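Take a look at the structures below.
Next, two complexes with chain A in common: one pairs it with chain B, the other with chain C.
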Partner chain A sequence: MKKRNLTRTITLVSAILLGFTAGGIFLFFSGYSPLRALEKLFLGIFGRPRYVIWVMVRAVPLVLTGLSVAVAYKAGLFNIGAEGQFIIGALVAALVGYHVRLPMVLHIPFVFLCSMIGGAVFGGIAGILKARYGIQEVISTILLNWIALYSNNFLLKFPGIKRPDSEASFQVRETAQIDLFARFKTSDSWIPFQMENPAIADALKASLSMGVFVAILAAIIVHYLLKRTTLGYQIRAVGFNENASRYQGIPVNWIKSGSLAISGALAGLGGSLHVLGVTKEVSRLAIMEGFGFDGISVALIGASNPLGILLSSFFFSGIRYGAVSVQRDLGTPTEIINITIGTIVFFVAIPYLFERIMLAIKKRKEQKNAN
Partner chain B sequence: MLIDIGFILGTMFMYATPLLYTALGGAISENSGVVNIGLEGMMTIGAFSAATTSYFLQNPWIGFIFGGFAGALLGLVHAVACVSYRADNVVSGIAINFLGPGIALFLARHFFGGTTHTKILDLDKKMPRPFDGVFEQNSFFDLILNQYATMFIALFLVFVVHFVFYYTRVGLRLRSVGEKPTAARTVGIRVVLYRYGAVIVSGFFAGLGGSSLSIAIVSHFWHPLISGQGFIALAAMIFGKWKPIPTMFACLMFGFSQGIAVFLGRVIPATYTELVSMIPYALTLIVLVLFVRRSRAPSALGGQVDE
Partner chain C sequence: MKKNLFVFLILFFVSTFAFAAGDQEGAEDAIKIAMVTDVGGVNDQSFNQSAWEGLQRARDELGVEISYLESAQDADYIPNLQSLIDGGNDLVWGVGFKMADALLQMAKLYPDQHFAIIDFAYGPDAPSNVVGVLFKAEQASFLVGYIAGKVTETNTIGFVGGIEGAIIDAFEYGFLAGVYIANRDATVLSQYADSFVDAAKGKSIATQMYVQGADIVFHAAGSVGNGVIEAAREQDRWVIGVDRDQNDLAPDNVLTSAMKEVGDAMYKVAKDLKETGEFPSGGALILGLSDGAVGIAPTSNVHVPADILSEIEEMSQRIVSGEIAVPYNLETFETFKSEN
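== the complex of A and B ==
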C-alpha cells in the first residue's frame, strides 16, 4: 500500500513537471520565454490575495464535477455526463432561485436540493439505462449531454424563463445568492476597512461565496460516504470486482444506477453553486462550457480521492486563471494550457513508466554497491 | 415529396461520413483490445492538418492523406501509453483529447497569423464530387448521390474493414488479440505488434474523419468544428457492437436523424429549433433502448498484456 502511494506521488509530481516542460517547449519554439511565462503564471495565481480567492471560487464547480466523476469511477463507471448534469443543475438553480420565494435560510438549501435532484435524475437515467438495458454509460451520457444543452437553450426561449431583451434567464433572488460580504462591500464601513486592512480588503474584492465551503464539505461527505458507509463499501466493491460482489449478495445493478445518480447529484450541485455564487443566471449555450469534461481530468489527476480532488481542482483552476494574466502580459497563445494539461494527464495515465524508471535506478545503485 | 426524401437521405450521407471513418477507426482499435476514447482529439488534429496542407499545397488529396497521418501520430502516442506502458486506456484517451485540439490550435496560430482557424479553401481545391453535374440539379438522385468523394471512400472502407476482419488472417489474429491475448501469444501471435498497428491505423482513420469535415463538408478548420463528433462516432461503434457493417448502419442512422432535424428545421417555427436539434441524440437513445440488448465488447478490452 505504501509503495503504491509512493509510486503515485512520484508519477504525479513527474507528470506535472513534464507537463510544464512540454508547455515550455512549445512556448520556446514560438519565441516566448518559458521562465518568464512560468513566473507570470505563478504571480497570476499567488500575486495578490484576491487572485488566490478567485482561483478558489473558480475551482468550486470543478471540485463538484471532479467528485461526480470520481464516485462513478469508484463503481467502475465512466461518467462523461457530468457536463450535462451540471447544465441541468444550473438550469434548475436559476429557475428555483427566481421563481420560488422563501426566506434565505430555506431558499438556499432548497435550491441546492432541487439542483441535486435534477442532476441525480439526469445521472440516474444513464444508470437505469445501464442496469436495465445494458446500454453503456459512455454512450448514454454523451447523448444526454447534448439533450441537456438543447433543453437549456429551448427553455430559455420562453417568456417567464427568459429575461426580456437578453439571451439569459432572470437573475436569482437575493435570498438565493451565496456571495459572502456582498452587502459589506457596498456599506459605509467598507472604505475605512479598506484603508486599515489592505490585504484582507483585496482578498474580499474577489466574489468569495459560500460555494468554497460547500465544495469542501461535499468532498468530506464523499470521503465519508466512500470509506465509512456500507453503500460506499459496496460501490468500491462493485468497481473492484463485479462478479465477486454479485456472489457476495451486493445488488450490483442498483449500486451502479445509484452511483450514477449520486454522481449526477454532485455535478448538479456544482451547477447550482456556480449559478448562485458567480453567474446568478443561466444563458444560452452555444457550446459545452467544459466544467464536466474538466471534472474528468480533475478526478484523474486527483486519483479519484476527495482530498486529491480538492487539490487538483485548485491546481486546474489556478493554471487556467493564471494563464489569463500570462496571455495578457506576454501575449502567449492560450492553447499552451491544453497542451500542458494533456501532457500531465497523459503521464498520470502511465505510472508503470515511472515504476520502471525507479526500478532501474534502484538496480543501478545496487550494482554500484556490489562493485 | 420525393425531393424531400432525397434531401433527407443526402443530408444523412453527408453527416454520416466523418462518423463512418472515425467509428471504423474505433472498431479497429477496440477489436485489438485497446479502448480509444481519444478519437475526438485525433479527428481534430486530422481536420486541422488536412485543411492546412490542402491550403498550402492546393491539393485536397494530399491534405486528406496528411490528415490521416496526423491522426496516426496521435494514435502512436496512445499506443505507446496503452500497449507499452500499461496506461489506463481511458485516461490516456482523455489526454489525447486535450493534446489534439491544443496542438492543432497552437499550430493554426503559427501558420495563419495568430488566428485559430485556417484559411478557406477555394471551391475547386476542395474534395471533388464525382457525380457533380451527372444528374439534373436538385433532382432526387442529385440530392442523394452528388456527394464528396470522401463519402464514397468511407462506404468502401466499411467493406474493406469488414473483409479484413472476417476473411483474412490478419483480421482473425487482430480479433484474437482483443479477445484472448494470452492465448494469442501462446500460438505465436505478436500481441504488442498487432495492438500498435491497430491503434495507429485507428488514429489514421479518425484523422481521415476529421479531414472529411474540414476539406469536404466545410472548407476550413476552426475550433468548434469537431465538437463531440469523435464521441458520437464512439457511440455509433458501440451501438454497432464493434462490427464494421452494423457500425455503418449506426452512423447512417445518426446521419438520418440529422437529416430529419435539418429538414424539420426548415419547415417549423424557430421556437422549436432546439427541440429539433435534440432529435438525433434523443432518437439514438430511444433506438438503443428499443433494439439493443446487451452488446458484448471484445473480452480483453482495456486490459494489459505482459511481454
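== the complex of A and C ==
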C-alpha cells in the first residue's frame, strides 16, 4: 500500500512536470518565453493575498464536483453527469433563493438542502436506470447533462423566473447570499477603511464567500462517510468487487443508485455554493460551463481521495487563475493553458488506465483458470 | 528517483526566476487599454473580434498598449476585470451586456479606474467612472432587410437569432421592418439558436431554412453565424453577415453585412483619450447611422445591384433625418407596420 502511494505520487509529479513541459513547448513555438510564462503564472497565483483568495474561491465548485465524481467512482461508477447535477443545483438555488422568504439562518441551509435534493434526484435517475435496467451510467449521465442544460434555458424563458431585460434569473435575496464582506465593500465605511488598510482592503476585493469553508467541510464529511461508516464501506466494497459484495448480502443495486444520488447531491451543493456565493443568479447557458467535467479531472488527479481532491482542485483553479495573469502580461492564448491542463490529465490518466487494464487481464486469467 | 526529481524541480524554478529578472517592462508612459470578452471569445468572427480589431487599430495607429482576456464562464468576468485593473490599464472595456453587473461592481470598488462597456448603459445614478456604448443596430438591420427584400427571388427569407433579448430584438425587428418596406410579399422564417457559440446548430437551422425555400438568411447570433455562413456556402445561397464585414468568410455567398462598428467606437474612444487625455465620463454614448457606427458592409457593392444600393442610400438619409423610425422590438414593430 505504501509503495503504491509512492508510485502514485511519482506518477502525479511527473505527469504535472510533463504537462508543464508540453505547455512550455507550445509556448516556445508560438513565440513566447516559457520561463517568463511560468514566472507570471507563479506570481499570478501567489503574488498577492487577493490572488490566493481568488484561487480558493474559484476552487469551490471544483471541490464539490470532484467529490461528486469520486463518490460514484468508489462504487465503480463513472459519473459524467456532475455537470448536469451542478446545473440543476444552481437552478434550484437561484429559484429557492429568490422565491422563498426566510431569515438568513434558515434560508441558506434551506437552499443548500433543496439544491442537494435536486442534484440527488437528478443523479438518482441515472442510478435507478443503472440498477434496474442496466443502462450504462456513462451514457445516461451524458444525456442527462443536456436535459439539465436545456431545462435551465427553458425555465429561464418564463416571466417570474427570468429577470426582465436580461438572460438571467432574478438575483437571490440577501438572506441567501453567502459572500462575505459584500455589504461592507459597498458601504460608506469602506472608503476610509481602504485608505487606512490598503493591504487588507486589496485582499478583500476578491469575492470571498462561505463556500470555501463549506467545501472544506464537505470534503471532510465525504472522507468520514467513505472511511468510517457502513454505507461508505458498502460503497467501496461494491466498487471493489460487485459479485463478492452481493454474496456478502450487500444490496448492490441500492448502493449503486444511492452512490449516484450522493454524487448528485454533492454536485448540486456545488451549484448552490456557486450561485449563492458568486453569480447570485443563473443565466441561459450557451455552452456547458465545464464545472462537472473539470470535476472529473480533479477527481482523477486527486486519486478520488477527498483530501487529495481538495489539493487538486486548488491546483486546478490555481493554474486557471494564474493563467489569466500570463495572458494579460504576455498575450498568450488561453488555449495553451488548456493544452497544459489537458496534458497533465492525460499523463495522470494513463497509469490509471494501465493499472485498470492489468487488473482486467488478471481477472480474466483467473476466471480462465477457475474454469 | 524521487530525489532527482526534486533537484530538477528546484533547478527549474530557480532558472525561471533568474531568467525572469533579466527583462523589464517596456515604455511606461504609453496609454494602456484592455478589454474582457464575453463567453464568445476573441475569435468569434463577430463583435468580440470587431472590438479586438478596433483596439489593434488603436495600437497600430496611436501607439496605445493593448491586451485582452477571454471569459469562459460568467463567473470569470470579475476576476478578469480585476486582473486588467492590476495590469495598470488606463481604461478597461467590458465587451457585451452580459458583463454589466460585474463591471458596475468593479466600478464601485475601484473609483479611480476608468471603465467602458459595449451594448449597455447604466441609469442616471451610475458612477462617473464608467461609460456605456450603445448601437442602433436596428438601423443597420433595417438596411440589410431592405436589400434582402429586394434581392429575394423566392420571397422567403430566414433570420437566425442567438438568444432572445433586447439586443437581438433590435436586429430582428429592424430586419423585419426593412423586409416589410422593400417587399410586402416576402415571408421571414425566424428561429433562435438559444446560443451564441454553437456553430453546428446555426448550420442545421440555416440548412433547414434553405430547404424550406429561403434564398437569403440573415443571422445575428455571434459564432452561431459561422455555421449559418457555412450552410450558405454548401447550398450556394445568400447569407447576410453581422457585426463586422463577414464577406471574407464566404466571398461568393455573403451578400452584405449589418455592420455594428464596435471596434470603430472603441478606436474613437482611444483616439479621444490619446488626443485630449480625457476619458468619456458617465452616462451613455448612443451611436447610429449618423455617427457612421452602424451600416452596411463596404463589400456590398460586389453582389448587391447598384440601383438597390442607391435606394439604400436614400433610405439611410430618411433614417438619419428621422423620417423613418426603425422599430427595435415587437411593440415598436407593430406601430411601424400600422403607420407604413
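What we mean here is this: the second predicted complex is superposed on the first by the 336 of 371 C-alpha atoms of A that agree within 3 Å, B and C clash if a C-alpha of one lies under 4 Å from a C-alpha of the other, contacts with A are read in each partner's own complex, and residues count from 1 in each chain.
By our rule, a contact is a pair of C-beta atoms (placed from the backbone, for glycine too) under 8 Å apart; a residue touches a chain by one contact, two chains touch by 3 or more.
Note that the coordinates shown come from a computational prediction; the quantities given were computed from them, not determined experimentally.
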First, second, both or neither for A:134, with chain B first and chain C second: first
Have a look at where A:26 lands relative to chain B and chain C in the superposition and call it first, second, both or neither. first
Using the superposition on chain A described above, determine whether A:287 touches chain B (first), chain C (second), both, or neither. both
Is A:39 in contact with chain B, with chain C, with both, or with neither (first, second, both, neither)? second
With the two structures laid over each other on chain A, which partner does A:102 touch: chain B (first), chain C (second), both, or neither? neither
Examine A:311 and indicate which partner it touches, taking first as chain B and second as chain C; both and neither are also allowed. neither
If you stack the two complexes on chain A, which partner ends up touching A:153: first (chain B), second (chain C), both, or neither? both
Going through chain A, the residues touched by chain B and also by chain C turn out to be 150, 153, 157, 287
In the complex, the residues of chain A that touch chain C are 6, 10, 13-14, 17, 33, 35-36, 38-39, 42, 44, 48, 50, 54, 58, 150, 153, 157, 165-167, 185-186, 205-207, 274, 278-279, 283-284, 286-287, 289-290, 321, 324-325, 327-329, 331, 334
Residue ranges of chain A in contact with chain B within the complex: 26, 30, 78, 80, 129, 133-136, 138-140, 142-147, 150-151, 153-154, 157, 287-288, 296-297, 300, 333, 335-339, 341-346, 348-350, 352-353, 356
Chain C residues touching chain A in their complex are 1-2, 5, 8-9, 13, 15-17, 19-20, 23, 34, 39, 67, 69-70, 72-75, 78-80, 82-84, 86-87, 98, 108-109, 163-166, 194-198
For the complex, give me every residue of chain B touching chain A. 37, 77, 81, 85-88, 90-92, 94-99, 101-103, 105-106, 109-110, 116, 224, 227-228, 231-232, 234-235, 238-239, 271-272, 274-275, 277-278, 281-282, 284-285, 288-289, 292-295
